[in-house]
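Shared between the two complexes below is chain A, which pairs with chain B and chain C, respectively.
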Partner chain A sequence: MAELKTTIKHKKIMAKEEFCAGCRLCEVHCVLAHSKYRNDIVKAFKKIYPRPLPRIIVEEQKPISFGIQCRHCEDPACVKACITGAMSKDPETGIVTNDENRCIGCWTCMMSCPYGVIVQDVKGGHIASKCDFCIDNGMDPACVKNCPNEALFVVDQE
Partner chain B sequence: MAIDMTFPEFQIERDRDKCIDCQVCARQCSNQAHFYDEEEGIVVSDDSKCVNCLRCVTLCPTKALTIKKHDMEFKLNANWNETAIKEIYKQAATGGMLLTGMGNDRNYPIFWDHILLNASQVTNPSIDPLREPIELKTFLGSKPERVLIENGRLAEPLPPQLELEIPVMFSAMSFGSISLNACKTLAMTASAIGTMYNTGEGGLHKDLYKYGKNTIVQVASGRFGVHPEYLNAGAAIEIKMGQGAKPGIGGHLPGEKVGAEVSSTRMIPLGTDAISPAPHHDIYSIEDLKQLIYALKEATEYRKPVSVKIAAVHNIAAICSGIARAGADIIAIDGYRGGTGSAPTRIRDNVGIPIELALAAVDSRLREEGIRNRVSLVCGGSIRNSADIIKAVALGADAVYVASAALIAMGCHMCQKCYTGKCNWGIATQDPNLVKRLNPEIGTRRLKNLLNAWSHEMKEMLGGMGINAIESLRGNRLMLRGIGLMDNELRVLGIKAAGE
Partner chain C sequence: MKYVIIGNSTAAVAAAEAIRTADREGLMTIISDEPHHTYSRPLISYYLFGRTDENKMKYRGADFYEKNGIIPMLGNKVVGIDASAKLVILENGTHINYEKLLIATGSRPAIPPIKGLQRNNVFNFIKLDDARLIEKYAVKGSKAVVIGASFSGLKAVECLVERGVSVTTVDIADRLMPRLLDASSSLMVEKVLADRKVRVILQTSVVSIEGGKGPDSDAESVIIRSADGRQETLPCDFAVVATGVAPNIGFLANSGVKTNRGILVDDKMATNIKDIYAAGDVAEVFDHYSSKNAVIATIPSAFEQGEAAGLSMAGLDRKYRSSPVINSMPLFDITVMGAGITESLLGTETIIRQKTGNGVTKDSYMKFVLAENHLVGYLFVNEASRAGIYTDIIRNRIDIAPFRENLGSDEFGFLSMPSSVRQGMLYAGIET
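Up next is the complex of A and B:
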């Protein structure tokens, strides 16, 4: 590459596979963080139908397990693939988010995602569902905060 | 199968208003006490499988679970109580010895709780540890009768010493009885704090050699994992003659726990039972013990202190006198409340004597014989807090061993099911699905916190007594008074009654 790209912040949530207990509390807290009852798990799970999907996926083949979610790629394939411009990467934070008002549920992003971390939210508005790094919560991801074994952590890359 | 005559020990109460059926409990229970009923779409529980380890309760995101002693009762009977009846049912069904884990849980007197500490008032000043330094540093090893000094320096070398920043070490727990992550937590903490952990009879895993400066390597009756490199890897060597939880009994690590790593560390075939004989087959006398002590000293060129660990039994004082004369640098005494990964229930609950009495008896005897300087005394067997340590030191201990307390700091909830290998906290298990639940980084942080908190408390107690170094408290039984004790107990403890 002839030109140097301007580097932007690149944050990622990573997993320590060797300490993931496979409890899936990350999924529970992800659902809570993306529900309208942020401080009440019971209501978030019992009063919202359809219940929001967790945006972290726990992959498991015992004894191996780990949580994986959007890598917020430097050059995201999903953003390029999105036909409506719903998927975008914030130039400042580097976070890739899906604008659910513009998403039409064509699933092109899903097909282009090399990590398979975008899921179909069919019941909840026919949209693509993915990790938004808890951007509405000061980029303090609920999955990382609530992992009982500190198996999830945030990496800051320049 | 004929009917099971018993009823569950615990009952699981699930608050249906709070339960969100997230299945965290079902995923975490290694006993399958919780499971997901797909047809109904709800999580349900089976009381009979619950061991009350509280893993599910701790992780439940909505705190929907409560575990209680089962409401069901036999007709009240002070003699034939529930435990007595249930043990008979169990043995009638299986024909086996009863097994248990952790330390003796019977309602015997706890002498620590009948001993009170002194504090300075008016006639001597107390010391504020926030303003003045208070020393906890401890050296373990044989001390010479006298020191020769020439030009301000020692003219003769001292026997090898272990230098501890605090008089607390982690007692022997083998890799096999506990997980590698638990061993790593102990090793990392000992290294960070400046004290020792002990390999137990499990050998030294290759990942743990780097913590050698803070390791006591153990040689026990099965000689598992013992080779020259191992002996020289640690800071000291301990010969294990006995264990407080099971005096007179050997050890048995079942083959299921002997995976690839345990097998190579112990130097035994994969999947075979690791059986430690009850006695050392080469030690039938003090003279035989002396041979092993000196064989180990030869193997390490007299550079490492050799400790001998024994269970507190009836003639403990005379035995320790013999051990001191046999050339041991350290004697570790393990009281009858000492923990274990597995012991026959009858042995654990009925054999041995309390560490408080044993320690006092040994210290008195060695002083009477004028050989107290030859050995350091370490006591273990249910040291629960910093006050127990201060009382132990005042009774004559140079340092204490803790193990149960360390495991509790890592997450152990004392369910006493270590022997099943299904520890839900990743401690007493070799199941890779469970071992990964213990993150040594978290464990080390918690264990360091515990020891630092204890250090602060010990300094406060010392300062209150007007003492600025733990050395000055050692064997200072005038700082102790007994409460609610009988004359013969006070005599053995060598302390006065409160008010005297």
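Up next is the complex of A and C:
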């Protein structure tokens, strides 16, 4: 029986590049998971404007590819660099999230993230966007769950 | 333990939070001359054009002081420190004693030698109360002169334009934000301003701000003189002075705290006086990237310094080491980012990648500054994707020789670097 994870402290999503086919289903499911049409890919992609951005970045130089996203760092550079205090790390869950009400899109976080995994969401106003470990989906990352080759996995650092 | 922090912005908050990770019992007081809950100063331009409000501007939640056991003494100005008696002296005569003191008083506006600055409608642009004063004057159809095309000056220009003010910006340098931008990138920003009907006047100094009779009466015009001696009178309804900032150290004159441009600190953020520390815009640190002392007036640096100071004050052995200095500025529909050394100094090499927009993408500019085989800085206009990877390449002094051709490529990422470099950056400290 699936256990509801209540904290991701010490957990990270990592990629196995030897299994990644570059299909980008992780991106599709990330968009789906962050849209209001959680179970309907067609509606999520075609009925929402602006379409939510994927928060996983797939790098590819054929034949190598892998997905990379926010690692919810212990010592998050983005949180320290954030000029408004919008970016914060939840002390209970360990998840780093961006308060979209306070973010003004200065992009300083993009300059500080050593993985380069924060993206500019400009259609809905200037907001920095990144992986939130599917905090609204029971902390069960959609990208990991839907990769056809299990090329994404959660690693426990404890 | 009794901790006293003078300051209420990024460095002060970072220090307070760091102290609390180690010491939840010690007493803590924050003293600020501003009456406001801790707030983000760069947001004052967003406040002026309605993108944020006083509540959203708070840097930490409304319960920040309470939840961290901090006594906030807001609206109290510090006028001196008696280091031998360990007392902070307030303007109202009160003395506050401390066991460990952090000075995080930030920046004050630099005052240029211009006659007429005291007039009622001539404003600084550094804190919330400046924005609130400007609000009344910055009405649609009014005219403003912004003196100083600094980062802050240009953000003032932006919010005034959004309020329907007709703006002229004047600077003595030959380009906008001269310490950050080069000629090419300045031209790109000048074009954006011209598109928004801002008149940009460079290589020109301000002689005086003239107005009615009486020294405090409202300013009505700004007299400027260009490099070739031509004088011009710019009529205005108000003026904003944004010619730079300096560390706020005036009150330390008789304290014995050693200062240069800023308060001198070691790698524990300690000053020359025992139990007195300094952090943020007010401090002068050793910058490992330029190999000299510097006042690094950015929020990311203020946070790191404040955090290090707080940990030192709480008795932990944590040394501060400067990070590459980063600045990101969105301005209208352009974004400028600068990291590390953005000037082509002696001994450096430059790689430029310039792209023309195709209607969907914008014109963009990327300059990489290299010293031997290391990236020491970058300057981007309208290129933000994966920028942090470049910052990390500067930070870790990665040898870029194996992949220098890939710098600035469209899909730059970890796969643009050799496998051994990529493995190190992606998997350092992680067991799979």
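Everything below uses one rule, namely that the second predicted complex is superposed on the first by the 150 of 158 C-alpha atoms of A that agree within 3 Å, B and C clash if a C-alpha of one lies under 4 Å from a C-alpha of the other, contacts with A are read in each partner's own complex, and residues count from 1 in each chain.
In this text, contacts are C-beta pairs under 8 Å (C-beta built on N, C-alpha and C of every residue); 3 or more make two chains touch, one makes a residue touch a chain.
What you see is a predicted model; the values in this text were computed from it and never measured.
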Quiz item: For the three-chain model obtained by superposing on chain A, do chain B and chain C clash or fit?
Solution: fit
Quiz item: Counting only touches as set out at the top, which of chain B and chain C does A:119 meet: first, second, both, neither?
Solution: second
Practice problem: Considering only the touch criterion stated at the top, classify A:148 as touching first (chain B), second (chain C), both, or neither. | Solution: first
Quiz prompt | Of chain B and chain C, the chain that contacts the larger number of chain A residues | solution = C
Practice problem: For A:23, decide between first (touching chain B), second (touching chain C), both and neither. | Solution: first
Exercise. Identify the partner contact of A:14: answer first if only chain B is touched, second if only chain C is, both if each is, neither if none is.
Key: second
Quiz item: Minimum Cα separation, chain B versus chain C, post-superposition (Å)?
Solution: 13
Quiz item: Tell me, which parts of chain C touch chain A in their complex?
Solution: 14, 40, 42-43, 46, 51-52, 56-60, 299-300, 303-304, 307, 326-330, 335, 337, 339, 384-389, 391-392, 395, 411, 413-416, 425-426, 430-432
Practice problem: Provide the residue numbers of chain A that touch chain C in the complex, in ascending order. | Solution: 12, 14, 57, 59-61, 64-65, 68, 77, 80-85, 101-102, 104-116, 118-120, 126, 155, 157
Quiz item: chain B touches which residues of chain A in the complex?
Solution: 16, 18-25, 27-29, 41-42, 45-46, 62-63, 146, 148-151
Self-check item: Residues on chain B engaged by chain A in the complex (per definition of touch)
Solution: 17-18, 20-24, 27-28, 58-59, 61-62, 426, 431-433, 436-437, 439, 441-442
